[in-house]
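Each chain gets a letter, A, B, C and D, in the order it is written, and its residues are counted from 1.
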């Protein structure tokens, strides 16, 4: 099952700047070979359900290993069976109507 | 890795009432033996990462099979390595300070 | 416009225990006279759009005043024009089908 | 109080394609003069709390007027008092560490 997903990882009790943790999660996505697009409030990811959620789990493990004792993560995940759709397709379908 | 999680499944293009889909997801959680608590904007779940996310995947499969062609799901997932915490612990820690 | 909403406030760089901040937000909701229900991953709120979002803003102000320099908050907000619905109605409609 | 926010509007019972509704919300943001950036799972917005949430309310009104009877919207909103930060700053701080 293919998913289009937004991942927003929020390390808690780990200082004001959390960008190093987010960068580490980006590396996890690169290592997993997943198509992903960083934006200001998360990272959009496109891939198969199991591969994507395994990477998100790995991201939590890495962020904990880096010293963040507590993480709250927000995920918005979409699946559909009527048609294939990519991250870019979603943006394009809106832009066409602007 | 233990998770405390809120799951909110939003079936799209599937009619105004989506409660039958939510009830089906509740049954998936029961079948998976996961501790869960239904509330007005989702279901809180407590369990091991892999078991919880396997159940969420199964929920998507079941809701699609029931006729919802598109699903947008919102997940808030917390992990921590400083101490063990249950869903009830989180509520209790707030209530103690009211 | 009436809203049914889940509010999850995540204070960052403010220590491992954030329950005192959540308790302060509960007090804001009490002071605002808004119907609300605390659960393990947030607080469900029922009320008019402007009153609810004014309270959420006040919650951010209070949490900052208490010493949390950075807050990430997650809100799931539902509106509908086909019928009136309460927080309890949403739970009841699922429970009826279990 | 300045906010950096992700807005994801999910029209329910309104057909499989919801891009026309998202495009209408983009227009609301343009009309409000708010800096915003569309992406695959929402729109990042930067602005003052009251202006941003007034626009989100207007978006709900417009989407209902266009025929969507029910809307579930997901908002991730960040505020901080330690420093000024823009949407671009958040991306830059991560990219610098990749």
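Rule of thumb we're sticking to: a contact is a pair of C-beta atoms (placed from the backbone, for glycine too) under 8 Å apart; a residue touches a chain by one contact, two chains touch by 3 or more.
Since we're looking at a predicted model, the values are computed, not measured.
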| item | value |
| --- | --- |
| Pair exhibiting more inter-chain C-beta contacts, A-C or B-C | B-C |
| Copies chain C and chain D touch via same or different residues, half shared test | same |
| Mean-CA-position distance for chain C and chain B (Å) | 18 |
| Whole-Å gap separating chain A and chain C, where each centre is the average of the chain's CA atoms | 25 |
| Touching two or more other chains - residues of chain C | 8, 16, 69-70, 72, 74, 76, 78, 80, 82 |
| Chain C contact footprint on chain D (complex, rising order) | 1, 49-50, 53, 57, 60-61, 64, 69-82 |
| Complex interface listing, chain B residues touching chain C | 4-6, 8, 16-17, 19-20, 22-23, 26-27, 37-42, 44, 74, 76, 78, 80, 82, 87-88, 90-91, 93-98 |
| Chain C residues within the chain A interface of the complex | 8, 10-16, 18, 69-70, 72, 74 |
